[in-house]
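Order of writing sets the chain letters: A, B, C, D, E, F, G and H. Residues in each chain are counted from 1.
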Amino acid sequence: MSPEPTPDHRLDLQRRQRLGMVEAIWGEHKTADQLARIIRHLQAAGELAFATRVSQEKAAAVQALVPELSIKHHTDARCLVSPELPPTDPRLGRVAVLSGGTSDLPVAREAQLALACHGVAADLVLDVGVAGLQRLLDRLDDLRSADVLIACAGMEGALPTVLGGLLPQPVIGVPVAVGYGVSAGGQAALHGMLASCAPGVTVVNIDNGYGAAMAALRILGLRGAADPDRR
Amino acid sequence: MSPEPTPDHRLDLQRRQRLGMVEAIWGEHKTADQLARIIRHLQAAGELAFATRVSQEKAAAVQALVPELSIKHHTDARCLVSPELPPTDPRLGRVAVLSGGTSDLPVAREAQLALACHGVAADLVLDVGVAGLQRLLDRLDDLRSADVLIACAGMEGALPTVLGGLLPQPVIGVPVAVGYGVSAGGQAALHGMLASCAPGVTVVNIDNGYGAAMAALRILGLRGAADPDRR
Amino acid sequence: MSPEPTPDHRLDLQRRQRLGMVEAIWGEHKTADQLARIIRHLQAAGELAFATRVSQEKAAAVQALVPELSIKHHTDARCLVSPELPPTDPRLGRVAVLSGGTSDLPVAREAQLALACHGVAADLVLDVGVAGLQRLLDRLDDLRSADVLIACAGMEGALPTVLGGLLPQPVIGVPVAVGYGVSAGGQAALHGMLASCAPGVTVVNIDNGYGAAMAALRILGLRGAADPDRR
Amino acid sequence: MSPEPTPDHRLDLQRRQRLGMVEAIWGEHKTADQLARIIRHLQAAGELAFATRVSQEKAAAVQALVPELSIKHHTDARCLVSPELPPTDPRLGRVAVLSGGTSDLPVAREAQLALACHGVAADLVLDVGVAGLQRLLDRLDDLRSADVLIACAGMEGALPTVLGGLLPQPVIGVPVAVGYGVSAGGQAALHGMLASCAPGVTVVNIDNGYGAAMAALRILGLRGAADPDRR
Amino acid sequence: MSPEPTPDHRLDLQRRQRLGMVEAIWGEHKTADQLARIIRHLQAAGELAFATRVSQEKAAAVQALVPELSIKHHTDARCLVSPELPPTDPRLGRVAVLSGGTSDLPVAREAQLALACHGVAADLVLDVGVAGLQRLLDRLDDLRSADVLIACAGMEGALPTVLGGLLPQPVIGVPVAVGYGVSAGGQAALHGMLASCAPGVTVVNIDNGYGAAMAALRILGLRGAADPDRR
Amino acid sequence: MSPEPTPDHRLDLQRRQRLGMVEAIWGEHKTADQLARIIRHLQAAGELAFATRVSQEKAAAVQALVPELSIKHHTDARCLVSPELPPTDPRLGRVAVLSGGTSDLPVAREAQLALACHGVAADLVLDVGVAGLQRLLDRLDDLRSADVLIACAGMEGALPTVLGGLLPQPVIGVPVAVGYGVSAGGQAALHGMLASCAPGVTVVNIDNGYGAAMAALRILGLRGAADPDRR
Amino acid sequence: MSPEPTPDHRLDLQRRQRLGMVEAIWGEHKTADQLARIIRHLQAAGELAFATRVSQEKAAAVQALVPELSIKHHTDARCLVSPELPPTDPRLGRVAVLSGGTSDLPVAREAQLALACHGVAADLVLDVGVAGLQRLLDRLDDLRSADVLIACAGMEGALPTVLGGLLPQPVIGVPVAVGYGVSAGGQAALHGMLASCAPGVTVVNIDNGYGAAMAALRILGLRGAADPDRR
Amino acid sequence: MSPEPTPDHRLDLQRRQRLGMVEAIWGEHKTADQLARIIRHLQAAGELAFATRVSQEKAAAVQALVPELSIKHHTDARCLVSPELPPTDPRLGRVAVLSGGTSDLPVAREAQLALACHGVAADLVLDVGVAGLQRLLDRLDDLRSADVLIACAGMEGALPTVLGGLLPQPVIGVPVAVGYGVSAGGQAALHGMLASCAPGVTVVNIDNGYGAAMAALRILGLRGAADPDRR
């Protein structure tokens, strides 16, 4: 006798209440069928569904499986959102998401979108890699008004270090798995950010745009806690 | 002809103004003589001197070289402070520094002391490793009132993950280089924290208590920015 | 003259007698043709055939090559069984197979199926990852009655540690190769489990559900040795 | 003002009740003073103190600090025990601890002593490395009567594989950090054991004799559960 | 102006004279077109062409490009030979090529074929992995008459160690890139062989069946040097 | 509301003026659409477009998107150039690009083409690997007249060492990601070049033919600075 | 009978003639006795002796063994020179040696001294790490007049990248083994420099100040070749 | 009750008969007391004792413990031999042991001495590193008459490759753990040798001079087998 079938997921629906965050679905290793069932389950519980690392092909397959649901694929972020993003609320704070090069775009977009899922607006500041320092220095004044800085970079990953040496806000480094040779897979960028000589730069896992967004959310929550208007 | 002597350090005295942080001196690879000269130089500029990774022996040698200065060695944090810590100001916020085991103490103390250098009070919560989960669960209510959580752990480094799954504040993981075999040097703890399945945990370099403190300071600065009483 | 052909496998048919285990066939690097010949060979010797890491496509090809044999592909475990699973015998003991997330399912299923091949029933307990600790704590009482616990987890792999700190039974950790960045390939989970601060957790190779099942079988055999009714 | 002193350890005194194991003290990174205070604390709670990785020099320093306590240093196991080992009880089961070479002795002894702390007798079977296979084959009959096999090996770590292919009991591999070049630090032995082609071999961290002993204890506890005489 | 075309290979046609070996062509990164041109070039110089790591598809493409040449693809060795293998000469010596499991077959076949290119006969001894030791012990007497032993193994790679502890001939270990987790890519097998506790085992690169064959040829050449009949 | 679209690249158009180099486009992670837009953008600014790591398929797609532009794909260098290469100027100096084997050709060609983009002629010297030393020694006299030597090599990467021990010019090593086992990915070649016992050999990232060319350009610029005819 | 003694070194006295460089003696693994004999041997051949990685204690021992020779220990460079440095010749060119922090000083000094051994003057520019960017930007105009830039940096090693993005000269990065955690041993700095997004930065082995100096010398030789006054 | 003492070694006295080799004692992790007991044990069995990795201090301690035995410490090989080396027999064959630099001497000497223990004469050929190729080329004719070549090299380890490309005999590479940065610990040399593009070079573990000697002995045994005069 073969073993009995078992439901293959169990959602952590108290997460929003406990942490103020929706539970993201890591889409890479899940089938379209699994994703469709999880999204339907979340919808039934009145929760926003946000799935990362979903290719355009898999997204189409999910949409075909649950045509009755509103599911949008954000192609450049490789993410699914359902039913739709909430309106952004400027009182929640402002995040700037920087990237060293064009190839870091999907990770930066994932961070931006994950914040949008929680109503937080984030500006993208692209192509400010340190080999052409002027492009970053030109933007410094703008950046001073952001509450949190998320810096995505592949190759040697020096962007958070330079940024952290120039500005006093929280800087969250996101190593990106672009590059070749020693930078393939994002290890050189990860180690460069962890070894940063700029004080107080923190780091998340390689390509973890979602994680950086949640770290920013934790920080903004704190800011909110001190702001009587937002209670 | 041998090359001419050159002064062997140049301080970044604008750092406090730019970032709101004193420049810490990384003491491990410096001689007592270099440390004494740097401390004297900072004193002359009216800056607090804070040196990490200084053994008791090296500290005594520094004190002997500049007996006219007030220099205190905080033994369990392996740090030198001169001339003395500023008073702590509760309005700056409250940080909790947790550690998984007794062996993580020096790193936790370094974080606590680095915050004290900036007037921020931090509570130590020791020996709350995840193999005896109850010890952590018993402290949850206390921890809810902290603004930032710094979690120091060696071995498999699971403390920030468990913490980040239970509480909504910013969680900064500090991998600690205690352990043996695969955890020697702190790599297993580092990777465990980066791979954390709890959303929004960030990480600093292995043993970098100072870095975690500065990251907390960046976050508290943000909180302060929203707090009119502190301006 | 080209070298003469040589038979390309030699089975270890005494394994069941020596160790009480069937010889599993590692299917990943074998062709459908090789698998079909090995299964036919085992069948002729009166042995159960159990092949791991067989895709649905390769399974269909094997079935087409030996249509006269009863071969079942267990899709979610990625395994072939032929001719059919023996009945389970509750007196052999009870194993619980836990998984941190949905993506660990194939490995957990492989362990469950490998036990079923030896007549041992195993319960799956899914999605009890440590970032939502309550889901695990809710199941503790159930788990107390299992003889052996197999804990499958990717990412940071903290599940066996938390489990081993709460329960006294044998805990076998199976790192799973899901994740990205530092957890890609399962290395972070493997190291986290080996570095576990919970006493007496043991570990098998990454994704080795079969190996964990065989370790459980060795343990249950011991239990059996003490149980006069089973002799 | 410097931060207030905090007690630097908190014991997990419920561990024996929860898991049936004493909490071992990892002595490597602790000072003699810390060890003395922890041992005194455990004694006061009526618990056995067992500290691993304690050099002869540190042991003497501990004994000098608490001369009123009975503390024995087991030199070849590099462990401290206080006040004294309990009598062994043959009904708890029998463990065989094997080692590949003389240099593995301290790890094998640590495992043996950790079992003795729980009343379990363990035989040492030394120098049965696979390069001189006959030495192991000569002992097979003896080994058949052990309940659990702990196999300590450095270099390429093949002992658990050969053992696991010959005998049906639980086999726990302990990689040992002896060797040079690619085997320095025990990594080659660790990977060799994890990659074992013998089914159901499990592994603990490098040099973790204590962990292997606790894994054996978990298994013996299971055996005990099935044995009415022992209740 | 674009740079001028340059011939893209230069053969080392003196290699046979200098070393007594044909120059093997490493086929993996070469196009069918490059292979066809090199084979034609060698043929023109009167040399045997032997190309490793050539898939069946690429082989067909090469054969289509130079239909006038006799080119044979040895599928299980993944090699091309042209125009044809020389007759084997038993006076050149006898090599045994062993493999731990079926998955090691392509590497073992490559070694066997590379020897055949030089007129040396080699026997394949398959599936003698150390987890079922009896299969190897049964073949010991046969193996005593071989001049050189080539042992191919993936997973933990213990075969050369066990072999080298039992027999006095030269033993050349070839780690094979089969396995998963820690043995993926052949690193565990490589390190296991290098760390071997059997004296005098030597090792070649992972999957380098050709290299092991050439090492055997160097040894047999030496044997020949001492044998007046062969001069 | 989904976040607003943002332009996904920002060019560093001052690079030529600042460094005397065109900004190369790293084509590997970019879509044909992104490449087409960047090339059009550069063309509009009067800059040469040079994109590396572009497959023949992607090149055709780019050409189809902007048929009005002259874009040439240099297949063996895997690069796009638009609108066309400038004439080479012998007064700029002469570079020799050497390669150990045929498989290193794409990297060597990339270096040669990158130099051609700046008007510098480079000779290719192929298949001079150190296992057939005579092929290199035969070319020594020719090589003496080059201003800079770029040595591309995979496998063990010994070519720059041997070259740097024989000739006094600047030697730039380019490790190439050809090989298998320990040389897969180019790590063995990289480490071999960095560890070189020949004095003054420098190294660039694995497969970085473009980087080696730019390093040569920096050196030739220096040479030019000393040459009054070229000002 | 024990093997006969053999002279334990053989000097490469043609190196100066072949490459224009003196042969440096790597002092780390040599005994004072070996160093003394080599220096005496070089002196007899009329060559300058330059030994790197010699501690003050070993230097004193060498001086005591050959008191008749003039041997100077440059303490901050950890090098021995005998009999004495040649005069520097400004026509040979000018090198700037930059360092990120005080701890990089010994490596920077080794580079400076190795150049001085060949008559080349080099300026040290210390403490220009990228976390305080202004310190570097302040020195840019000075640096424009150097012929070659050697940039020594530990931690994340971003200095050569920033420098290479701002200035057109040859930039040679020297990773320095200062730091802790992921930057311990200099690996993070090495990888950061190799992965540099600034075009044409080259790298030498970790801590290889001597190697960087020799690379600069090769480049200056080229400059010299174009300078008729120096012929 | 503490566990009973157990003899801490068991010798493999049949090794000479089985393999024709004495069992070497790996001295690094053994105490003087353990070494003395093993040597006495071997002496009693009429066997030669050969212990590697024994410092001068430990050797003196061993000699003091068993003053009645003749024990010689070969300082530059770091080995103990007792009672004395057998006479060398030229009919057994001739081995050449080459080294790249002076720092490789202890490893080369260990190989030479291990051969001397078996009556085989070996010539040392020192300081023939590939950066000064002429020193090696000058010795080629001598080397042609050796039966086996053992090539010891640290740094990038290119010596066996160059040698294997020039000469047809068996070449055994021994990576040596000298160097710094990427070559520290001998990994770069190990990988360089394994990745060698010279056909048929084999490799032993880092610093394993003894292992290379035993591999040579296995080969010479084969040569002997073909030589009727030697039987």
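FYI, a contact is a pair of C-beta atoms (placed from the backbone, for glycine too) under 8 Å apart; a residue touches a chain by one contact, two chains touch by 3 or more.
The shown structure was predicted, so the numbers you read here are calculated from the model rather than taken from an experiment.
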Interface repeat test, C-E vs F-H, G-H or F-G, passes over-half contact pair overlap for G-H
Inter-chain centre distance, subunit A versus subunit B - centres from mean C-alpha coordinates, in Å: 27
Any idea how many Å lie between the Cα centroids of subunit A and subunit G? 44
What's the distance between the Cα centroids of subunit B and subunit D, rounded to whole Å? 35
Between subunit A and subunit E, what is the separation of their C-alpha centroids in Å? 49
Multi-chain contacts in subunit H, i.e. residues touching at least two other chains, fall at 101, 131-132, 165-166, 181-183, 190, 194-196, 199, 205-206
Which chains touch? The pairs are A-B, A-C, A-F, A-G, B-C, B-D, B-G, C-D, C-E, D-E, D-H, E-F, E-H, F-G, F-H, G-H
Subunit E to subunit H touching residues, read off their complex: 18-21, 24, 147-148, 165-172, 190, 194-196, 199-206, 210-219, 221-227
Show which residues of subunit G lie in contact with subunit A when the two form their complex. 100-101, 129-133, 155-158, 161-162, 164-166, 179, 181-183, 187-199
Subunit G residues touching subunit H - in the complex, by the definition given at the top: 1-3, 6-12, 14-15, 26, 28-30, 34, 38, 53, 175, 177, 185-186, 190, 205-208
In the complex with subunit G, residue positions of subunit H that touch it: 72, 74, 76, 85, 87-88, 101-103, 105, 109, 112-113, 116, 121-122, 124, 126-128, 131-132, 134-135, 178, 180-184
